[in-house]
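Naming follows writing order (A, B, C, D and E), and every chain is counted from residue 1.
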Amino acid sequence: MTENIIDLKKITVEFKDGENQVQAVKNVDLQVEKGDIYGIVGYSGAGKSTLVRVINLLQKPTAGEVHINKQDLLQLKPVELRQARTKIGMIFQHFNLMKSRTILGNVEYPLLKTKLSKSERTKRATELLKLVGLEQRKNDYPRQLSGGQKQRVAIARALANNPDILISDEATSALDPKTTLSILNLLKQLNETLGLTIVLITHEMQAVKEICNHVAVMQKGEIVERGDIEEIFSTPKKKLTQEFINIATNVGPAVEKVTENPSFQQLTQKQQLVQLNFIGQSTEQPIISTLAKQFDVDGNILFANVEQLHEETLGFMILVLTGENQNITKAIQFLKDNQVRVKLLNKVDKKEVQA
Amino acid sequence: MTENIIDLKKITVEFKDGENQVQAVKNVDLQVEKGDIYGIVGYSGAGKSTLVRVINLLQKPTAGEVHINKQDLLQLKPVELRQARTKIGMIFQHFNLMKSRTILGNVEYPLLKTKLSKSERTKRATELLKLVGLEQRKNDYPRQLSGGQKQRVAIARALANNPDILISDEATSALDPKTTLSILNLLKQLNETLGLTIVLITHEMQAVKEICNHVAVMQKGEIVERGDIEEIFSTPKKKLTQEFINIATNVGPAVEKVTENPSFQQLTQKQQLVQLNFIGQSTEQPIISTLAKQFDVDGNILFANVEQLHEETLGFMILVLTGENQNITKAIQFLKDNQVRVKLLNKVDKKEVQA
Amino acid sequence: MASWFPNVIHMQSEFAQATWETVYMTLVSAIIAGVLGLATGIFLIASQPGGILEDSFIYGLLDKIVNLLRSIPFIILLAVIAPFTRYLVGTTIGTTAALVPLIIGIFPFYARQIQNALTEIDPGVIEAAQASGSSPTEIIFRVYLREGLPDIIRASILTIISLIGLTTMAGAIGSGGLGDIAISIGYARFENDVTIVAMLIILIMVFIVQFAGDWLAKRLEH
Amino acid sequence: MASWFPNVIHMQSEFAQATWETVYMTLVSAIIAGVLGLATGIFLIASQPGGILEDSFIYGLLDKIVNLLRSIPFIILLAVIAPFTRYLVGTTIGTTAALVPLIIGIFPFYARQIQNALTEIDPGVIEAAQASGSSPTEIIFRVYLREGLPDIIRASILTIISLIGLTTMAGAIGSGGLGDIAISIGYARFENDVTIVAMLIILIMVFIVQFAGDWLAKRLEH
Amino acid sequence: HQLSHSAKAKTTTITVGSMGSDYDIWKHIAKSNDAKEAGLKIKVQQVTDGVQLNNGTAQGNIDVNAFQSYSYYEAYNKQHPKQQLSALGTTYLEPMGIYSKKYKKVSQIPDGATIAIANNPANTARDLLLLQSAGLIKLKANFSALGNVSDIKSNPKNLKFKEIDDTTGPRVLKDVDAVLISNTVALEGHLHVLTDSIFHEKIDQSTRSNINILATAKKNAHNAKYKKLVKLYHKKDIQRYIKDKYYGTKIEVQKPIAYLK
């Protein structure tokens, strides 16, 4: 399981355009283990698309090495490269469907190279279309589909050839949440049953949280942070990562809203606004109940985002603690002793938490 | 403020395509008040794009009436229609930028019709590009931009002419969360300062919650539910709406995760898994603290999503209640008496909550 | 009838013959020049800078050959390639002999049009095919020729109509055909009715080609 | 020199004259036919079913005129439009008189090419312009002509090269030019060196047009 | 009409429209001392389409043309009652010849042989008349100057006719059994009608109408300057030049127009 199916070494990609020169990717290393689901997030224009396009050499890097499935892609003969590419499915940000083929024809396309008979191809493509919920439309042409429908066709096409690796460039950004979830579940299922390795560019941190095991955060062409999903979500090191998580978990906007709300600004002497972050088993112990029973401090939840992430509980909360001053102080100390990070919000610098 | 700037009456749109015939929009009424921010959500292919394209008559309805700003668009002369359109900005799902113009040129395009001088146009367009964070790239061409960057240019273009109405068809779906948030804030600010009316198609319920006052849910060409954002989010009537909200608030996946997780299935006799939904001032009273102090029932939060929505608190939680059986029963009764909806999860039918 | 078309009336068999000759020349040279031009156009697209088989030598060579052939006036082309024509069809005069210069005269034009048409294809779609492991040949047949089909058809209409025009010049080497009748009988001998009828028949052919082509292109545009 | 080009050597002033005539005919008719063809092509696009100024009558009319003009063999066109030519330029013989049939011979071809080129423009972009309140005229000038510029240039190259070919046929009405020298002196008199030199000059012109056009099209393709 | 106007203004410049070897001859004449002596300024313009050249002459865009035989001129006048031409005088007669690579004599031409003839009417009829004189075919009684293969009465050898652009004549010699080539074209193809052809026209009654003429618009029929051109053509130096250049195949004919009728 620790074998790296994708191993990009010191990848640099430059675009030259007359006088302009953009370094879209700068000296990036990226290792993805077989069977992993690897998320890539970052601002628009960070170089995510460019980086993943290097994986199947659609984008030749200006410098660096590309090892996929133990093959050094840059050293392969064209025919070998094409063979290697059949095992790397790709979902494009802009769908890239063929307008002259039906939906079915588009999904069948990658199968034309295989030894499957016409009817086997149709069968396989129809199955895939069923998976993405478009079997009814199989004889329509891309022009007749809505944005999300096109994206689902692109997903089916990328899976047609039973790839080892699936590269997904915002495959769900045009989809409604329900369809997004079902596609993510589909990907997860393929990952679990067939060992499909997935590289997922997405803007939806929710999606990352949902299915990724690892995540890399890109900024201005570089991977500024990477790691286990729990690690990144619980203890982000970079400001950018923090911001992304704040927005994804909605903490950023929530803090802003709460601190801007006059009614929460006018707390009594006996009240204290706090922000709590916690991870792990800490919630095995019922915090708020404990505060109430042990310190006689009531916790009123203004904002909460608590969830189970890979067997651990990850939580953010904004509470109004009400009680005697010394009790509140004790309660906060108790929380800190239990690995809960506490931030007093009355004094908080608005800028610091704002997105 | 109760004047309807957009008033679509009994709109039907049919696409004929040889033998095929798709009713993309079926007999839909849509009223949007001046200064409102109106969200439209729904599955991929539900007819959202088609419906909003009727607002500026890019899509002629097969039947129905289109009143915008008190004008009956279907009765206007071409020159009047064009005049009316200058006041309706539109952000397209597929950007639709002109590849022969620079970023700046694209944003300036709608201003070419106006009386502004060249330098005034450039000034205005540059301001807008600054707002979307692309001022640095203003002399680049669309080809040189990433997907998200293109979308931001499209946003700037739609705003160039100081429209009264802004139609946004998934304007933020290709954007990272940070940029999304800043765009949403921008829209909200324009809405507040200039009274811009916004119709927003989006797949991100988070975005809807963030800035919309009203929301309509579309399914198969019809608006199946509509109303105030608080109303819809707290007491959705249709299954589809429920599902969307569940996914948006992450309740659906959370319930699934929790109920599937063996450690939560093996609760002791003294434990009870519950799901709580609440809205309004109910959280003024610290629920969990009260349960602890009053009923000696500890509440351990497995999942929580609590937030402030237009001055009200909206919350979903999954808790493990621990205490004597009769205390738990009393605690649940207490919650119900306080307008908290309680669902016992041990017995829950998995299918019912699964997305 | 006889007073309006005094000469045509005695030339029915000549008209039938000429129509057949025009159809024959147009069809045969369209098919052969079509294949040649398509192949050349595709090679131009594939070998061009940034193409799927980028090769600046082949691109430069083809580009120059196409330009060269396009600079030779047709009448001179008839003469220049006469030895080649004789080698291929055994004679340099007559309808069949006309095919060779017609083909060589029109295929570079068609190749250029194909090149222009295929330039339009969304590079993203080509990339998607490459990503799925398609070879250049597969991309040519399964992507370029399919995605570009409506445009290829439009280019073909334009070319076939130009070709019909060109056949009228092949009269110089005894090709016959409607153009030849219109010019060397109708025009040169002042039998205006012959010119008019010959042109009407050509016009009908042009309309049929245009109509059928438009219909096909529209049908294929999904 | 003298042994390789026995005839050319005595014809330097004729060559200079002929080159000028060809350049003159090509340039002037390219400009006028360019404007006419562009206008016709744009009207075809705008009036076509689903176009920004859909009008099936105008579309049908233009479509038929273009086809009609394209079905007339050039030699006959010379004769048919002679009265019109005389009305416009006062004579039917000579270089200037050749402009009229050249223009009428080439502009329908160019119009068709423009139509084909503009068909390619992303309808989404047209919609975006419509949504911003642009009038049909604005869409034509600010969207079609700009977005389609690289393709318009490619179509123009193809047309200008075809036009250079067509000028060689205008010798029939005393237009002069390189094609005429190549045919009526070089070819008819077996003075091969004359033919070769005339064609080389034409070839150079073709290359200049192609090169300049390609360069421009590439530059404009952002 | 600027051109005719300017022609009047500069009365000394005469535009002669011509083609082929006539064009060369008239370019020579234009530069000759004889022309200067006669006070004539001549501009020669090549127009390769006979119909256009006659039209242009009738309309006054060309002052005088020099390319056609009398029979073709008559046919033109018959078809264009509104654009009448007038013959100024005769120039020369050149014999049309039958050429063949395969056969030395007309009698050797076999059954079913392919004969290439000109596709321009000035020469088609003349070609057919020559074939008739050679005894290969018989033509209908009303055979005109615009006659063509459909006017053949009998074709005992079942000859096949290919109408071609006559300037390609020398080039297709190899591809057919025999080609009829006008002298102008033959000369350019380095063929000498008197020695290389297997049969050629005699200068007799039957070929009288093949004599070449100078023509002008009817209204200029009596223009003295234009008439001077006829005299100029027959000047000694000029005739010597023509004889040398065309090996005596352009036989001078200096007769009144009435002789041709």
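Assume contacts are C-beta pairs under 8 Å (C-beta built on N, C-alpha and C of every residue); 3 or more make two chains touch, one makes a residue touch a chain.
Keep in mind the model is a prediction, meaning the values are calculated, not measured.
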Set of chains whose contacts include both subunit D and subunit A:
B, C
Quick one: how many steps at least from subunit A to subunit C, stepping chain to touching chain?
1
Of all chains present, which has the mean Cα position farthest from that of subunit B?
E
Measuring from the mean C-alpha position of subunit C to the mean C-alpha position of subunit D, what distance in angstrom results?
18
What is the distance, in whole Å, between the centres of subunit B and subunit C, each centre taken as the mean of its C-alpha atoms?
56
Centre to centre, by mean C-alpha position, how many angstrom separate subunit A and subunit B?
21
Report, in whole Å, the distance between the mean C-alpha point of subunit A and the mean C-alpha point of subunit E.
89
If you look at subunit E, which of its residues touch at least two other chains?
51
Spell out, as numbers or ranges, the residues of subunit B touching 2 or more other chains.
94, 144
Mind pulling the residue numbers of subunit C that touch at least two other chains?
75, 79, 187
All pairs of touching chains, each written as two labels joined by a dash
A-B, A-C, B-D, C-D, C-E, D-E
Can you list the subunit B residues touching subunit D in their complex?
56, 58, 78-79, 82-86, 88-90, 92, 94, 96-102, 109-110, 112-113, 141-144, 157, 161
Within the complex, which stretch of subunit E touches subunit C?
50-51, 75-76, 79-80, 116, 119-121, 146, 148, 150, 162-165, 168, 171-172, 174-176
Contact residues on subunit D for subunit B in the complex?
122, 124-125, 127-135, 138, 142-143, 146-147, 149, 220-222
Of subunit A, residues touching subunit B in the complex
15, 17, 20, 22, 41-46, 49, 93-94, 140, 144-149, 151-152, 170, 173-182, 203-206, 210, 243-244, 247-248, 250, 252-254, 257-258, 261, 283-293, 296-308, 311, 313, 315, 317, 322, 355
Within their complex, state which residues of subunit D touch subunit E.
75, 78-79, 82, 86, 90-94, 97, 171-174, 176, 180, 183-184, 187-190
